[in-house]
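Quick one: the structure is below, and I'll ask about it shortly.
Chain lettering (A, B and C) follows the sequence in which the chains are written, and residue indices restart at 1 in each chain.
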């Protein structure tokens, strides 16, 4: 007997449906080990930094807008902010691999890229040295570059920082602020990059809330920070901190305000978790507070 | 009776005394009734109550049915609209419709053929002496011109009624913005409309115009009906003083009584 | 004599422009694809393997999964905003009423923000209540909440704004509702996680970057249904322009009409805002242009505004994603740059009192 093939239309229907809903059939591709990629897009400054440190600079074809490339590096197309990557803008660079942090997005761009066979590697934001080392290891693997030298250098820096921390008799109280013209100060709390930086340098973050939040004027005095940090992109605006005392006279009542103990942190060390720049900045901060004691 | 108002009272919230108290009136086909009275005596409110736009106590029987019945269903609303029209005192249409389009709104999207629509639009625009304004933008017209265009619209609306049906036309100060010639033309038109199975009720301020064109005059003051009758009976200085608080003088001019 | 274009001249031009704009939108992008390859790529994507075409898979994917849904979403979002602008202006009897200006979009953003910030809590509650059925309607949560927010905002503005009788009151009520929405969003921002916060910021600057076939399907169905229902009330809307009392005397159920408009408009705007964020001024500019060309009659105003809105947003989006390629500009910024001066012009023109 001769039955008609029943599954033919069904297969087509299913396929068009999967297409409609942003096909996920190819999703597994990304987890398959890749050959050494020749065209890589890196999203996020700290990630790009690692790519360059690992010697992957030659394969970079584009970066996101949060990345600052070294001044002598060749000019690369910028594909937009890492949280709102445009699918077509990325595909137009014909990449084989996209590396970035776990906040890279939006999801539908990543899905589309995966569907077109682009490998995607998302590294967790490093809040600790261990995570940073893991990220370097992983990135070395996907880029096909040896990671040992970089890891060793990072380990040395971490060890040196640990020694420096131990040498501090008492950890200083540190506050990181973002000044908003006319609207007071926002402080960086737990889970932020400045928080990791402060801990790495051997200080204690004086605020204990989550994320960046507006700080009340009176709380500022109560917190008694020994040091006040801000991002160096505000250094000019704040006249290296002096302006902070004009904006917020209550700061003069704090130990930091009395001694003008301000420190401008490289803004790029504060994006996307701990990176190589963060280690450098942590060391600089540690030097400052160590001399102070 | 086309319109029967019984024991109607209107009271605005937070007002000290009611605007109208226990008013009973009835209107019939073929009659032009002039509604008269001093400012703020409740003439416009009475029209709005009849149209169901105002809360009231009492009973209104409209075209043979209780007034509220007409707003129960969409079908009833449409049926009422064909037989019941109101020309408002002011018009606040600011969108750039041409006058022809405004009059066409009276005919609605209904069942008429395009040619028939055009015929009626032209007819009623000519009746209201606004045919020459047909392609002008309505908002750019003067107050009196606007009023006449709106009149043409209301008349075209009532033309949708079944020829055997009786109709009601309410005019709220139709002559207030008009020049002398058009005051007379519009009221002559109202008279003609009344002859086509219609009860016309017009709020007027000019007693002489009312006396000349109305079959019946109703005078409102202090919340009550002060007088109701033919112009000949009502045009008396004593009565007018009682209503308006102004004593005029009655003179005879070419067979008409006129109040000076 | 008033200048009016007839349908015979207007409709073909508009459709031709729409096709041209659509073609442009498909052909232009960060990836350089020749127009021959655009055609071949689309055919290849629609029937893979059916035709012996020599097109890279990459092209087919970019065209079929990125540009085509984005084009369609642009047409739908622009069409919805144009139509909703026209209808709202009719209901308020004022040409300054616009979903963005009077706070309807902000209301939708609050609804959407509720889902973004409290999504997990909502999913937990509804999931427990609805069981497995919830899995299937989860995607509906965002447009539903956005619509509810939009409906609430429209109603508030309408009631506070003296039922459209006064322009000043309407605009003030719009400001008040927008401010309230802004405050609620700020409150959300305070408790939101970092990711939810970034998503919410994106909402304020609308963009079509989130186009997927799912979003096209959802907003498309809502657009078709709501525009058809609103178009059926075009005659009643015309009567309403004469005034509420006049419309009533013309046999229109004014209260029912307004309720229907507020609800349909809210659903349509909410669905659109939930996928594209707040894209301002399309609903303001488009109906005004149509009124200039074709007059204020809603029977024409509604469909033409939908067509022109789709055209305008598609073109704006094509520009927005090509000027800084490979990066993209949120299209909401572009429409605001064009639309805000236009709003000022309209405000100034209000003195003439003819719209």
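By our rule, a contact is a pair of C-beta atoms (placed from the backbone, for glycine too) under 8 Å apart; a residue touches a chain by one contact, two chains touch by 3 or more.
Predicted, not measured: the structure shown is a model, and the values here were computed from it.
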Via touching chains, chain B connects to chain C in a minimum step count of 1
Using only protein Cα atoms, the chain sitting most centrally is C
If chain centres are mean C-alpha positions, then the most distant from chain B is chain A
Dist(centroid_CA(chain B), centroid_CA(chain C)) in Å evaluates to 44
Distance between the CA centroids of chain A and chain B (whole Å) is 76
When centres are defined as mean Cα positions, the distance from chain A to chain C in whole Å is 35
Residues in chain B with touches to at least two other chains are numbered none
Given the complex, residues on chain C that touch chain B span 1-2, 93-95, 235, 238-239, 241-243, 245-246, 248-253, 291, 295-297, 299, 353-355
Within their complex, chain C touches chain A through residues 29-32, 57-58, 61-62, 64-67, 190, 194-195, 198, 202, 207, 209-210, 212-214, 217, 321, 325-328
Note: in the complex, chain A contacts chain C through residues 19-23, 62, 65, 77-81, 83-84, 86-94, 103, 106, 108-109, 112, 115-116, 211, 213
In the complex, chain B touches chain C at residues 48, 51-53, 71, 74, 77-82, 84-86, 88, 91-98, 101-102, 105-106, 108-109, 135-137, 139-140, 157
